[in-house]
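A, B and C label the chains in the order they appear, each numbered from 1.
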Amino acid sequence: MDWIIAIFKLLIFPGFGFLFACAIFSEWFDRRLIARFQGRIGPPIFQPLADFLKLLGKEDLLPTGVNEKTMAALPIISMAACLTAAMYIPVAGTSAFAFEGDLIVVLFLLSLPSLLYFLAGWSSIGAYSIVGGNRALLQFFSYEVPFLMALSGPAILSRSWTISEIVVQQTVTVWGILVQPVGFLLAMIGLIGKLKRDPLDIPKAKSETVAGPLTEFSGRKLAIWHLANQIQTVTGIFLLVNVFLGGGVLNQLLPTTFLFFFLALLILIILSLTSAMYARLRIDQFARLGWKRLIPLSLLQITFIVWMGRG
Amino acid sequence: MSRIRIPIGPQHPLLKEPLSFLLTLEGEQVVQSDLRIGYVHRGIERLSQTRSYIQNVHLFERVCGICSHVHTTTFCMGVEALSGLSVPLRGLYLRTFLCELERIHSHLLWLGVLSKNMGFDTIFMYAWRDREVVMDLMEELSGGRVSHAANVIGGVRVDINDAQRLTMTQNLNTLSKKITSLRNIIDHEQSFHARTRGVGILTEEQIRQYCIVGPIARASNIDVDLRRDVPYGIYDKLTFSVIARSEGDVWSRTMLRIQETQESINLCLQILDSLPPGPVAVPAKRRVPPGEVICRTEAPRGELFYYIRSDGSDHPARVKIRTPSLTALAILPDQLKSINMADVSAIVSGVDLCIACADR
Amino acid sequence: MTKIHSWIYLFPKIWETLFETPITGRYPFEPLHLPTGFRGKVVMQAELCVGGGLCVRDCPSFALKIDRFGKQQFRITYDPLCCAYCGQCEISCHRGAIQLTNEFHPATSHYQNLLKILVERNLPENQENSSS
């Protein structure tokens, strides 16, 4: 009997089916909201699904001289990493498979797609891809350290590295964002860098390198890359809601569900707003920003938390 | 570090029109760049010798889509000078009105393209949304958004009545407020500053050496504007100020073009206020007396130069066009040395090339 | 001047744009507003045409062609694919016989459907079958 429940959790809720639906919805909502900010109408609800199905049906070409097995494996591993990370993140209070110390596993799994992005650029040996891949790696070093440090703040406060424990601790005390707003800000900036959205979409800057590391991908591989990026968005947002906003946990199940999805939508609105509001940074400017400002801020935040937890 | 050669090729999301750079990169630094043009060469100057003057008015409109009216204005000015015609005052006012409307729409288009290449999609959408007001005005006046076909030899073929004049004045006043708000946003936007200040600096001496004209020259402290220095049409009857700035980077070109847009809106409002009554065109003969003429006007990108030679028949013997984008192209390979790769998009967008004009 | 953040200008504009009607429209499902002087497809009022040929002479893209078979015997054909919709024929005609309408859907999958005979006048017998 257990294995039927396990398969249900893997494939339907909160597994692949639920995440696929959330990814489609979040992409639609994001594109529609940005369009309304800019005075346009925006795509209808079935547009991301239509894009995905269209890409699945397109011709899959690769340049000569690349390693075909690597190019085929990279998007699949990227999506697998995001889906596995989502297994340990509670959705409305319940997570599929939780165990002791799963925050570290989730953070590791969520940092895999960025490295695979760089590898994708390196393996497809065109000029645009190599330049995009270099930028992706440089950007990875600039946002990943503040992101990890910002996310370890709540863990230190709750004295546990399990996400479900962090959520429970926040229902007992206060929400994480009230105690460490700077940490929340750093986590949001790290999330924008990880998802490569405006203003930190430097690797795939359309006007300089045509599509960055993914220039040579097409057809099914590109569909899976795109879906992996969307699932990473959803997973990142759920992680932030759980760690900083208390997981939306209230006393009963129905209000918890509403509050959880409402908070996730709120974070998505903030992400869309920052997309619409800023111009793209240059890679050296962002590296300078990351190392000169974000990392000292995260160190200060950690010091503050340790001092508070002690006293 | 090894060198990579990147083609900013004939097709690239950065370029509006086909142009080919081959950049040699070392890491993120551009070391060398090679330029090729001629992808949109259509042989218009040769085609103009096989058509009559009346047909050529429509041919020269299609040299460029953005500055189409200015091309026909210059050509008609030249042919009218050769034939000894004098356009009635109302026709001249309407011609200048369309010229200034075209300047507004060209600068708004360029602002949107520059912002999009900086990654700032919102300003792109806002600028092009405001440009729609101007396009609707031009469509109401002449029947087409891009190809107006408003000029004929001897005047214009369009006219406006009082009701249209009132609506146009209101729309232009609304547009002026929107451009002020766009200017405020760009003025204070930190990421925009970071991408455009100090980037692509051109000194006065470089500009004189390469004979660059237009807003690029005016942004580097060279105060040249044909509308004030060699007034054609009715520019001597209108009051406007010519803007010049001294920093010479992409930032000053941006602010200069926005200020020029506001000046053009003021000019349009002046023209609408003081439109004299009367006919809009005089009839022109098909054959033009022999002679040669040079006429220059101020296109949105700089000085536009036409040389027309006629031999007494109804086909021109030779028409030579020198467009302002051709001068700006000459300095581009030099400007693209020892810069960051991310600055390439700022510089290429900041120069406001119109390759269709340059290739003809 | 750069000390003030751009948020105080950008936020109100984004908020205001969120509640305005969008500039884009759902084209085939919404009516399209055309101005009065819109230059669309060319039509001819055949009874007014006398075969002057000014429109043919002044067309910049050679979209109008005239075949003459004698005095007051002619046929004028029009090719919408070559036409540049400039309106010169309308200006040149002394009788006002040729005009530009508001129609702008000339797309078709067969080129032969596009070529139109605008006017035929007193054709001799061997030219009765027009094969355009």
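As a working rule, a residue touches a chain if its C-beta (ideal position, glycine included) is under 8 Å from a C-beta of that chain, and two chains touch if they have at least 3 such contacts.
Predicted, not measured: the structure shown is a model, and the values here were computed from it.
Chemist: With contacts counted as defined, which of the two, B-C or A-C, has more C-beta pairs across the interface?
Modeler: Between the chain pairs B-C and A-C, B-C carries more contacts.
Chemist: Where the centre means the average of the CA atoms, what chain is farthest from chain B?
Modeler: A
Chemist: Taking the mean of the CA coordinates per chain, how far is chain A from chain B in Å?
Modeler: Chain centroid spacing, chain A to chain B, equals 44 Å.
Chemist: Taking the mean of the CA coordinates per chain, how far is chain B from chain C in Å?
Modeler: The computed centroid separation for chain B versus chain C comes out at 26 Å.
Chemist: Return the distance between the CA-based centres of chain A and chain C, expressed in whole Å.
Modeler: A distance of 52 Å separates the two centres.
Chemist: Quick check on chain B: which residues sit in contact with 2+ other chains?
Modeler: 122, 126, 129, 189, in rising order.
Chemist: What parts of chain C, by residue number, touch at least two of the other chains?
Modeler: Answer for chain C, listing residues that touch two or more other chains: 10, 14, 17, 23.
Chemist: Listing for chain A: what residues touch at least two other chains?
Modeler: Within chain A, the residues that touch at least two other chains are 37-40, 276-277.
Chemist: Which bits of chain C are touching chain B when the two form their complex?
Modeler: 1-2, 4-6, 8-10, 13-14, 17, 23, 35-39, 57-61, 84-88, 91-92
Chemist: What part of chain A is in contact with chain B in the complex they form?
Modeler: Listed in rising order, the residues are 34, 37-40, 127-128, 130-131, 134-135, 198-199, 201-202, 205-210, 276-285.
Chemist: Taking the touch rule as given, give the residues of chain B at its contact with chain C in the complex, in rising order.
Modeler: Those in contact with chain C are residues 51-52, 54-59, 61-62, 122, 126, 129, 132, 139-144, 147, 149, 152, 157-158, 181, 184-190, 193.
Chemist: Can you tell me which positions in chain C touch chain A when the two form their complex?
Modeler: Where chain C meets chain A, its residues are 7, 10, 14, 17-18, 20, 22-26.
Chemist: Could you list, by residue number, the parts of chain A that touch chain C in their complex?
Modeler: So the residues of chain A in touch with chain C come to 35-41, 273, 276-277.
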